[in-house]
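One structure is given below, encoded as structure tokens.
Per-chain numbering from 1; labels A, B, C, D, E and F assigned in written order.
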Amino acid sequence: MRKPRRPSKRTIQQLGRVTTPTITTVLTKEHGINNAAIRNVWPCSTSACRFAGPAYTIRYLPLREDLKPAQYLDHRDNLITPAVESMPPGCVAVLDANQRNDVGMLGGNLVTRMKARGIAGVVTDGGMRDIPEIAEIGLPVFVTAIAAPPSFTKLMAVDAERPVSCGGVPVYPGDVIVADEEGVVCVPAHLAASVAEIGLAMDHIEGYIQQRLARGEPLEGLYPPSERVRREFAQWVASGEPPI
Amino acid sequence: MRKPRRPSKRTIQQLGRVTTPTITTVLTKEHGINNAAIRNVWPCSTSACRFAGPAYTIRYLPLREDLKPAQYLDHRDNLITPAVESMPPGCVAVLDANQRNDVGMLGGNLVTRMKARGIAGVVTDGGMRDIPEIAEIGLPVFVTAIAAPPSFTKLMAVDAERPVSCGGVPVYPGDVIVADEEGVVCVPAHLAASVAEIGLAMDHIEGYIQQRLARGEPLEGLYPPSERVRREFAQWVASGEPPI
Amino acid sequence: MRKPRRPSKRTIQQLGRVTTPTITTVLTKEHGINNAAIRNVWPCSTSACRFAGPAYTIRYLPLREDLKPAQYLDHRDNLITPAVESMPPGCVAVLDANQRNDVGMLGGNLVTRMKARGIAGVVTDGGMRDIPEIAEIGLPVFVTAIAAPPSFTKLMAVDAERPVSCGGVPVYPGDVIVADEEGVVCVPAHLAASVAEIGLAMDHIEGYIQQRLARGEPLEGLYPPSERVRREFAQWVASGEPPI
Amino acid sequence: MRKPRRPSKRTIQQLGRVTTPTITTVLTKEHGINNAAIRNVWPCSTSACRFAGPAYTIRYLPLREDLKPAQYLDHRDNLITPAVESMPPGCVAVLDANQRNDVGMLGGNLVTRMKARGIAGVVTDGGMRDIPEIAEIGLPVFVTAIAAPPSFTKLMAVDAERPVSCGGVPVYPGDVIVADEEGVVCVPAHLAASVAEIGLAMDHIEGYIQQRLARGEPLEGLYPPSERVRREFAQWVASGEPPI
Amino acid sequence: MRKPRRPSKRTIQQLGRVTTPTITTVLTKEHGINNAAIRNVWPCSTSACRFAGPAYTIRYLPLREDLKPAQYLDHRDNLITPAVESMPPGCVAVLDANQRNDVGMLGGNLVTRMKARGIAGVVTDGGMRDIPEIAEIGLPVFVTAIAAPPSFTKLMAVDAERPVSCGGVPVYPGDVIVADEEGVVCVPAHLAASVAEIGLAMDHIEGYIQQRLARGEPLEGLYPPSERVRREFAQWVASGEPPI
Amino acid sequence: MRKPRRPSKRTIQQLGRVTTPTITTVLTKEHGINNAAIRNVWPCSTSACRFAGPAYTIRYLPLREDLKPAQYLDHRDNLITPAVESMPPGCVAVLDANQRNDVGMLGGNLVTRMKARGIAGVVTDGGMRDIPEIAEIGLPVFVTAIAAPPSFTKLMAVDAERPVSCGGVPVYPGDVIVADEEGVVCVPAHLAASVAEIGLAMDHIEGYIQQRLARGEPLEGLYPPSERVRREFAQWVASGEPPI
């Protein structure tokens, strides 16, 4: 597959302002992509759970016991230290943990270093250790479980910057990973600009509709918006958005 | 099966004052029903998690891709809009999501409308989107997961007001659905009055027993209460319930 | 298997000061034990989640329906009341619930009694009922789920103080069970003293390293610590541990 | 949803001559339907495993214990006897067993009656009892498991001729169910004629290609067939199909 | 629980002549026991799959790595060799493998010894190795999987002749284990005589009914048999059972 | 990780003569490797199920819908045709299907081509289509399921000759894959010679032991063999192996 162009900084910033439910709606309705939300992940800290950035992937496999020592960070063959030290600032680390929730993929020390290096966030379909520390560090980290044991009890890292599966979703290096309170989604690089534009517009009108629903209007014609409601929305926007 | 009489408003109110653990105890000990608690659901908001009301059921199946457009709310064949607009106030919407936790069955707009229409609560064995909004709306909604993607990425609604399975529990339209901090239970319509009466009495004496246990009395004879303890409870009740 | 000597009170206290991630690291790196963390459990109360004590085990099997009445606490054959009344103060009750998350293994009354008797904590790979009450009682209780139904809807107790499986981990009576915010681990009795000693030292130096990482130093040589960093740590400790 | 016209007898016969792998290929490539093969089912008898016919559906839910007696075939409320006696000859009975493989949905007596009534076949995503008898009876029956216990130990029938899920696949009454050695697929009624026509042609040319591959030709251009290979196939067909 | 009397040899022989589907029907309809069929097991050899005998149980737990050497058959602490050498002839070995299908619980050598010692059969909810050899040895062995790795890669034996769970079913030592082509069921010791008697009668009349169904009679009144059909059956039996 | 030397042709041939249970025993007892047997796979044909050869790996991920056309064999970006055409004769194709059993990874045409090119065998932790054809072709193919739908309904190929996971086992290109009636195991390349040598010796003496067990000798001292039995075995071998 030919590599798509990397999305612009502006596109990434825009995507960071679209909610993840809206991103998934745009992907399925406009592009037929139904499998974009990384399953079962939640943020270690509810106050640090938003980011958007290009994926930097690390792939793990089930451990082969004779390769366990090579997983220790001070072994010359370990892949994690060089990966962490070469991630570009602003990227999102995506760790394919084979959906194991009984190992902690990272701990406080590695997350501290990632924060210092300017990583935008982390997502893994595995567990995480040192959760209280991570919550304090303030780097947004999405995980499937709290898990004390180090990753090398069950897994080994095998390569970086290759396509991976994370929470059932295929992630290519450079795809845009977006997170908020409702989870993490992966936007294919070549669709990022389109999704950002449509998504922002959709979030805008849906907020307007919800206010009208809250006042007791029925669904019919209002949600999804009829042509008439779209015109009323446009007028309301043009009028300077007073509290409707 | 012959349809049972609908439980009275009073019975429903009483059931809303019995805890869900007690309801399950009464159902298993008095009626041999072991499978009444909807599995794995939790409330979107901890401050809005209590309700009791008759079930209004909606049934979903795995999506057939050619029927995806009919799931959009503005398609003439969509079942959701008419279902939401015809639910009676006070009912509990029960959505059989086939235990899929990777889709959001409802979003903020539909929940806003349900709140406006006086629905008592919602329970689904699927995920939910727009969770922060739903927490603000204040309608109690029990779900199995936070899930950004719209339901039509994987599911389609097929009918309403038919018996369904929700979280492993059979639910007939009209069964009484009761929720509190510990989850959601389904009380078969014809047993509702009996469960309400026995349950209220059981909660009363168990609170009394717990206070005596907290003061250091041993289990034997006290919990479950012997005849003597039952008499002491009756005296305590008769005495006007001072702090024991 | 010959029974190992019981760990000393001092060892148990020391283990209670080591974090569970560190305990699992020591067990896998020093002793080759990869399976020590009880899976999927979380504390009913975040303010009561730390303990260390010897395991007192209770084993359950799937219910055989004709033995259901013998599970009621007032049946002469029930095993739970005598077990609760004979647990030694300071022990940790370990309930092998066969990983069923649809039953509540204990309720408020039994937990109240366990608290009164000086039990250090409870862990089960099953659900729990009366969670709000348990949070108030203040006894640390780790569970896999909130579940209203009583345990005898699906399970029956068959013996106590035999080896059990809890959350996928083998637990022998007398093993040291340690819990903190990140979960519960089982330390085999004969390894307790060694794990306590190495673990305390490891937590000490890792805290020092994290502070240096937070100031921007790279991983190489610092984490894991080189000989030079170990010397610097020793000097820092010797210097009286000012804020580095 | 508007009901589609029932497929003609001729279409059903043609579908019965297309292999199930080919049917799934046509459904996904021509119609975007990826979810047509009922998962995990196998035939009770390898010599009786082919059929094609319109679906007659029966839906089950988890048992509610007080409704167990109504599942006995001699109870006036039981749904199974009237369903079996009203199935049209040539139909395929589709039993939605909620993917439970620990119950036997039917036994020898009911299958004997279905055979006598001219049913074309049976498929369920549950288990089956009396498997040796069923193999002798000769009615093709696809199941997920051998399971001795009667269905009413865990399930209850709730309705017939409604849309169901079977092995993860949505099945509407009247969809064409096709089975062969490789399993069972569901062809939506309105697509049946198209799938039959394309599928027959595809099976024809693929058989031709395989013979050329067996003689050592490389994949490129041959499989899938280039325009040139399609012409050669046409010539070969025109030539009267001697052994190529 | 008080130990029930052991079933007589005659009862065990009678149970060996009742089919496992019938045994499960009698247990659920007469005794309310729904959970008697060991899930997912199949015989290593289709020609050696029938037995009935009292259970001799062996219980395993997840392996603790430092106890792995004690699992080797030549280690003084291993439990398997003494268990095999002390099983009474005629018993059925029931191995609780924690439903792991990735280990082989026994191999050809141990099964050879069990055959030589007169064991009636083996059932485990785990895998088995040396399946081709076991098929030749002729001892009926029911398993959930073919699995090459020895059990001590994941499991350790902890005790014998204690209650266990096997394939989701509780088994007490001395319960009667019955196997045929359709699987393995566990009959509680105190119910064995009753199940044997009712089951034999039920199998007798059901065979008669099936013949009448095969000739085209409808279900109504015939299956389950009405009083009239029961009388006709009695006459047919009295008449010496010619081919009806 | 440095690449290990490829095992010699002779080592591969020797491994092909060791049974898979014995290989797993040697790997766990001699090398501490517990995870070598690919889970849940079985051969499409019982008469073609033996092979040994170096792994040629192909890796799949969950499908991203916009990349579905690139999976068709006539798309210029498809990876499968070039992979099949470049596999070296004698290798074993290992397809990482993410343990999906609802798709057919290969069909008759591709297997025909692989057979023509001299591939030794195929193993996948996914399903397979065209099973009857594959059984006739005679190439040994191990799968987890019969599954009619083509792989591109759910999966996409992403790379070849990278480390993969297959049935829970890590497989590096060049590892030796060995299959027999009991499944498929992966021998790390650098251990192949050692495993072959020890395994052949172990199979030899175990066959001798089994004959003595069959004659009624007890386990003690015989299995595992004591020094005395080892000497008797050596004498028996030296004597020319008459039927003992």
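A few points about this structure:
Note that in this section a residue touches a chain if its C-beta (ideal position, glycine included) is under 8 Å from a C-beta of that chain, and two chains touch if they have at least 3 such contacts.
Please read all numbers here as calculations on a predicted model, not as lab measurements.
Within the contact network of the assembly, the step distance from chain C to chain F comes to 2. Both chain D and chain E derive from one sequence, and where they touch, under half of the residue numbers involved are common to the two copies.
Chain A and chain D have Cα centroids lying 40 Å from one another. Mean C-alpha positions place chain E and chain F at a centre distance of 33 Å. Between chain A and chain F the centroid-to-centroid distance comes to 37 Å (mean Cα coordinates, whole Å).
Of all residues in chain E, those touching 2 or more other chains are 34-35, 168, listed in ascending order.
Every pair of chains in contact is given here: A-B, A-C, A-F, B-C, B-D, C-E, D-E, D-F, E-F.
Residues of chain B touching chain C in their complex: 19-21, 23-25, 28-29, 34-37, 39-40, 42, 168, 181-183, 185, 206, 209-210, 213-216, 218-220, 223-224, 226.
Residues of chain F touching chain A in their complex: 1-2, 31-35, 61-67, 70, 77, 98, 156, 158-159, 162-165, 168-170, 188, 191.
Of all residues in chain C, only 72-74, 81, 84-85, 101-102, 104, 107-110, 112-113, 115-116, 129-133, 137, 145-150, 152-154 touch chain B in the complex they form.
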